[in-house]
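Note that the chains take the letters A, B, C and D in the order they are written out, and that residue 1 is the start of every chain.
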C-alpha cells in the first residue's frame, strides 16, 4: 500500500483552493508513490476556514498556523498565504521537522528567503517552492525539447506576464497592492514566474537593468478596511507597490533576456508568454493557450519550415496520459495536480523535490537585483 | 442542509471516469442545491471495477447493473456504457423508479431511443442525456448571445467534428468500430454532438442528405479478442461502421446546415467546430480551444469590425465564477462538472433536466434520417 | 530579345483592372519568355474605357469587342467581362485566330462552355481560363507537397468560399444578382474557384448532391437601372440567383468532398478556405491569409507533431523569388501577375497554358451537376 | 492636368526596386495631385543600373549621383542607397534645390542626420524620410483609433522587430554587417522602424537603457570581396555591427516602452510587431500579417469583450479604397505606393511631407541615446 503524506495547508483563498484541489485529485488520476491525506486546513477567520475545510474536503481546520505546526499528525506543511507570512511559518515548520511546500515568491525579500533556506537546510527537511508553471505539460515538453537539442544554442529569451485586473482606477486597494503584505506588485507576483521559467529553460541570469512604475497611485480602500463597499467609499489609500516592472537581462551562457510584468495590459488576462530563439529552432508558449507549444525547426526541409502548433495532449507528452484522450484539453488547476504528483513521489522516494527553496532564493536574487537596478538606474549583477 | 442524491454509475472507462470526476468535484467548486453521494459504481470486470471504485472515490461497486438498479439506496442511475446497453439499463432503471442520466447517443437506433423515452415518461422519472458540450461556457455563452439577438436571423450553421485516432490502418478493431456495440461510427459518436449543438443553438432540422464511407475495411483484432497484442496479431476483422459521415441539412427556420464527422482528419484530435452566420453577426467555436468564443458584429462601428476572440473566463460568463480568476482556463472534464451541477439543481427543485430523453430522441431522428438518406441516395425528411 | 505578345483586353472593371496590373507588372519582376504589350482595352462606355486606358497604361481603347477582335495587331484576347458575354467573344476571337485568356467561370452554362472549347480546339488557338488561385504561392506549394507524397492518400477535401457583401437587405440588385447576366450567384462565382482547386489538388469529382437558397428575394434596383441612388429608390426587383450553394461530393479516387459558397457569411470577406486530410498529413489554406500554408505531418516525431504554419515567402517557394525578401508578404493582385507570367511563357514556347478551356468545361460540368442535383433533390453523376 | 514631379532615384537594389514600383503603380490605382515621372535611376555599376532602368521603367540612367543631381530635369531626388551615402547625396541635392525622399535611417549617426536636416532647412526644399510602415493601412488605422480615444491613456508600448536571415554562421559578411557602410546592425535597420512607430503612435521618448550583442563575430567574406562564392571561401572577416539590440524606454507622457531588434530570432522573417495597452483598450499589430489590426475595447459589453481582429481591407480604411474589394489583401510593396501617393500630394500642394528629416533626426537621437546607454551601462536621456 502506498505511503501516506499527511498535509497541513495554511491559507484557504485562491492558492489554498488550488492546492486543496490538487491533493483531492492527484490519486484519482495518477498513481503517486505516496498518497496525500488532507488532514487540516488553517486560516484566521474561523467561519471561513470551517466552510473551506468542508467544501474542499479537509478532515479538520485550525485558526492558528502555530497550532497546525505543533500537531504531530502532519508530515507536510503547505504555505499558501500572502508573502509576508511565508518566513515565520516556514521557519517554524522546519524547526518542527515538517516537510514544506511554499508558494512563490518564496519571500518578500532576499534576506527572508535566505533565512528560510538556511532553516530548511539546517532542519534537513524536504522543501519545494510552488512554481507550478514548470508543470504545464507544454512547458515540461519545452524543457525536454531543449535537452534533446532541438533548438540548439539559445540566443534569446523573451517573456512577458501581462494582466489587466487593476486597470480600472476604482479597483480597490487589496492586499496585493500593499507593500507590507505583498512585498511588491507584479514584480514578485508575475516576474517571479517568468524568471523561474527562464532559469528552468535557459539558465542563470548574470546581470539586469529594469524600470517600474505605479500608474495609479491612490485607490479606494477595500471593504474590509472601511466596512463600506469600495465603490461607495470616498476614502482612498496609497498604492505602495508598482503596477508594472520590466527588465533586460544577460544570461551567464550569453543569451539575452527581456522580461515584463504588468497589471495594466488591457485585454490580457493571464498572458504568461515566452519565446525562445536558438540556433536551430524556436519555442513559443502562452499560458492562456496552455495546451499548445509552438516550435520552429531549421532542420525541417527548407520549403516546409514553419511554426508548428503542437497540441500537447498526446499520451507521449508529460503528465498527459493520466488525463484524457488527445485533443481533450486540461486547465489551470491541473498544474497543481502535477506538482502534487511530483512532490508525493519525491517524498515517497526520500528525494528533494524540484524546484525547491534553492530555486526560490535564486529567483529572489534576480528580483532583488532588478529592484536595485531600478533604484540605482543602472545595470546590477545578480 | 442540502438534499443528497445517491448515485449509481454503470461504466467505469472513459465516460465513467469523467462522470465520477464530476460528482467528486461539483460540491468543491459549486453550491448545488442537492449534493451527489457516490454510492456505487458498476462494471462487469470485478478487478477493474473494484480498482475504479477506490480510485474514483465510490463507496461500493457491483458487477451487475441489474443488482445496482435493485438497490434501494440509489436515486439516480448514470449510464456511461457503450450504446448497445443503454436501452435495457434505462428501461429497467425507469421501472425501478430511478432518475436517469444517460450518455449520448441515447441509443444505437431510433426505435430503441423511443422506447427509452416512453419508459421514462411512463415511470415519471427525471431523465437527462449527456450532451455535455452544451455546458462548455463558450457554448452556453453562444446560446445567450443568440437569445440577446446579437447575431440576428440565422442563415448558416456549419459544423465539423474531426478526429484522427484511427487513421493508422494498424489501429485495432475496438468496440467503437463494431456496429453491434457502437451502433455506428463517428455518425453516432460525433455527429450526435454537433446535431445536438445545432438543435440547441439554431433549431430543428427538417430535411437531410448525407454520405458516409469506410476508408479502412479490415483491421487487426484487438488484444481482448485474440489474447495477443493487436500489432502482433495477424488476425483481421471487418470494420462494420463508417469512418466518416457528412450531411447537408435544411433547418425548419430556413437556415442551411452542413455537418461532418470523421476519424480520418489527420492532425485534428478533438476538433468539434462550428460557425454560425446571422444577419447581424457570426459566432465561431472550436472545442480544442474551448475557452474562447469568436464573435463578429455588424453593429460595431464600420472601421473596427472584426472577429473578436472572447476569452470565456470572466466571472460574468456561464459557470466561470465557480472556478478561477480571468485567463485561468478550464478543460474538458469541467463540462461534466457543469452538467452534474445543473442535474443536481434540477433534481433538487423537482424539475426536468435539459437536455433530456426528448432531445436524445430528436437527435436520433436526425441521425436515422441521415442514414436513410445515405441508403436511398436522396434527401429525407427528419 | 523577348518575343512580344500584343494584348487586347475586353472589360475594364474589377477583373479588367486586375489583368491590366498583371501585364504592367510582370516584366518588372519576372523575366517572362514573351513580353506582354498593352495594345488595347475595350468597354462599352467610351468615357469609362478611355479613362481606364490612360490609368492602366493601355495604348488605345475600343468600344466594341468585335472591332478589337478584327484588329490585326492583337495576339491575345483577354476576356474579363461578365459571364454572359464570354461565349460570343471567345468564339469570335477563336475564329479570328487569337489566343484567349478567359475569366472564370468559363461560361454561364455547360453548353456554352462546351461550344467555346470546341471553337478554340477547331481554331487551334491557345486558351487559358482565369482560375488565378492556382497561382497563390501557398496553393502551388500545396500541389507540390501533394506530389511529393507528404500527405499520402487523400481522404477528405473540405472547402468553403465565404463572403458577406450582400448580407444587408438594402444592398442593390447589381448584375451579379441577375441570372441572365451572371448565370448564377456564388455557385458560379465562388464554387467555381473551389471546384477548380479540388480538381487541381485532389482529382476529378464523380458524383454530387447539393442545395441552394436565396435568403433575400427582392432588392432595391441599382442606380444605373432607375437613375436614382439605390437607397433612395423605392423600386425593387427580384433576385434571380441563389445567395448560397452547398454540395457534397464523391471524388473518383475515393476521397469525400464538401463545398460551400455563400455571400451571407457575416464577417467573412473573401474566405476561400480548404482543408485536405490524407493518410500521412493534412494541408490547410485560407485566402485571407494567403501567404501561409498549414501542414500537419504524421511523419514528424510523435511528440512534436502539430500543424505548422509555413510562411510561403521564401525564395524556395513558387513565384516568390521574383518578389521580396522572406516575410515581406504579397497580396491578391500578385496571383494575376503569376498567371500572366505562366501564360507568357506558354505562348513563347508554343505550349498550351494550364488551366485551360478543358478545365473550364470540367468545372462547369460539376457546377451543372450540382444544379441538377438541387432540382432533382438527389445525387447526380458529373 | 495633374502636375508632374520628375524623379531621380539613387539606388537600384532592394529599396530602389520598391521605390520604382511605387512610382510606377501610384497613378494606376490612386489619383495623386501630382504625377511622378520616372526620369532617371542611378547606380555605380553601369550594367546593373541599365538593366534596372529598363526593367523598372525609368527613362534614363546615370552612374554618378553627382550627375543626377546636376540635371535640371529632376524635381525630386530619392535616396535609396546604404546609409553611409545618405549625407553627401542629401546635402548636394538640397544645395541644388531638389526636394528629397531619403530612406531610413536618415543617416548612420546623429551628427550626420542633423547636418542633413540643417541643409534641407537652409535650402528650403521639401524632405521626407522613408518610414514606410506608417503607411500600412492597419498602422494608419491604429493612429486614427488612438486619436479617436479608443484606447484611452497609453500605459505600455511593446515592440519587437525580429528576423533570422543571418542565423546561419556561414551567411557571408554583406554590407549590412559592416559598420562603416551600415552604421549599425538591426539597431539602425530595425529599431529605427519601431522607434518611428512609437513616436508616431505614442509620443516622444525621454530616457533609454539598452544592451546589444554580436553572437557570431566572424563570417565568410562575400563573393564581391573575394571573387569566390562565400561558401567556397575560407577567408573570414570581422562582423562590426551588433546582431541584436534591445532597450527599455520611458516616454515623456509616462508610458513605458520595450524595444527589441534582432536578426537571430529563428523562424521570424519580418516580424515587426507591437502591442499598445491603454486605459480603455489595446492594439496589436504584426507586419507579417499586415492586413490585420487587433483591438480590445473595455467599452464593449463586459461578457463580449475580446481582441477583435480587424481585417483592414474595407473601403472605409486608410488607402484601401484604391485597391481591391474587402478581404482581398495587399502586400509589402503597397506601403511604398501609399508613401509615394502622400508625397506627390504634399508636393502638389506645396506642403511639407510627413515624416520628414525632423522625424529622421528625432529617431536618430533615440538610436544614439541607446548606443550611449550601452556604452555607459546606464540610463541615458534622449
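In the analysis below, contacts are C-beta pairs under 8 Å (C-beta built on N, C-alpha and C of every residue); 3 or more make two chains touch, one makes a residue touch a chain.
Everything numeric in this text was worked out from a predicted model, so none of it was measured.
Q: Counting residue numbers used by both copies over all numbers at the interface, does the chain B-chain C contact come out same (over half shared) or different (under half)?
A: Both copies, chain B as well as chain C, present the same residues to each other, with over half of the numbers appearing on both sides.
Q: Using the stated contact rule, I'd like to know whether A-B or A-D comes out ahead in C-beta pair count.
A: A-D
Q: So, what's the distance in Å between the C-alpha centres of chain B and chain A?
A: 35
Q: I'd like the Å distance between the centres of chain A and chain D, where a centre is the mean of that chain's Cα atoms.
A: Each chain's C-alpha centroid was found; their separation is 41 Å.
Q: Indicate the residues of chain D shared as contacts by at least two other chains.
A: Counting only residues that touch two or more other chains, chain D contributes 268, 305-307, 311.
Q: Please name which positions on chain C make contact with chain B in the complex.
A: Checking each residue of chain C against chain B gives 151, 155-156, 158, 160, 162, 164, 167, 209-211, 213, 215, 244, 246-248, 250, 254, 256, 258, 260, 262, 264-268, 275, 277-282, 296, 298, 305-307, 377-379.
Q: For chain C, which residues count as touching chain A in their complex?
A: Residue list for chain C touching chain A: 141, 144-145, 150, 292-295, 300, 302-311, 314, 316-317.
Q: Would you tell me which residues of chain A are touching chain B in their complex?
A: Interface residues on the chain A side: 14, 18, 20-21, 24-25, 27-28, 55-57, 163, 165, 268-271, 287-291, 311, 313, 323-334.
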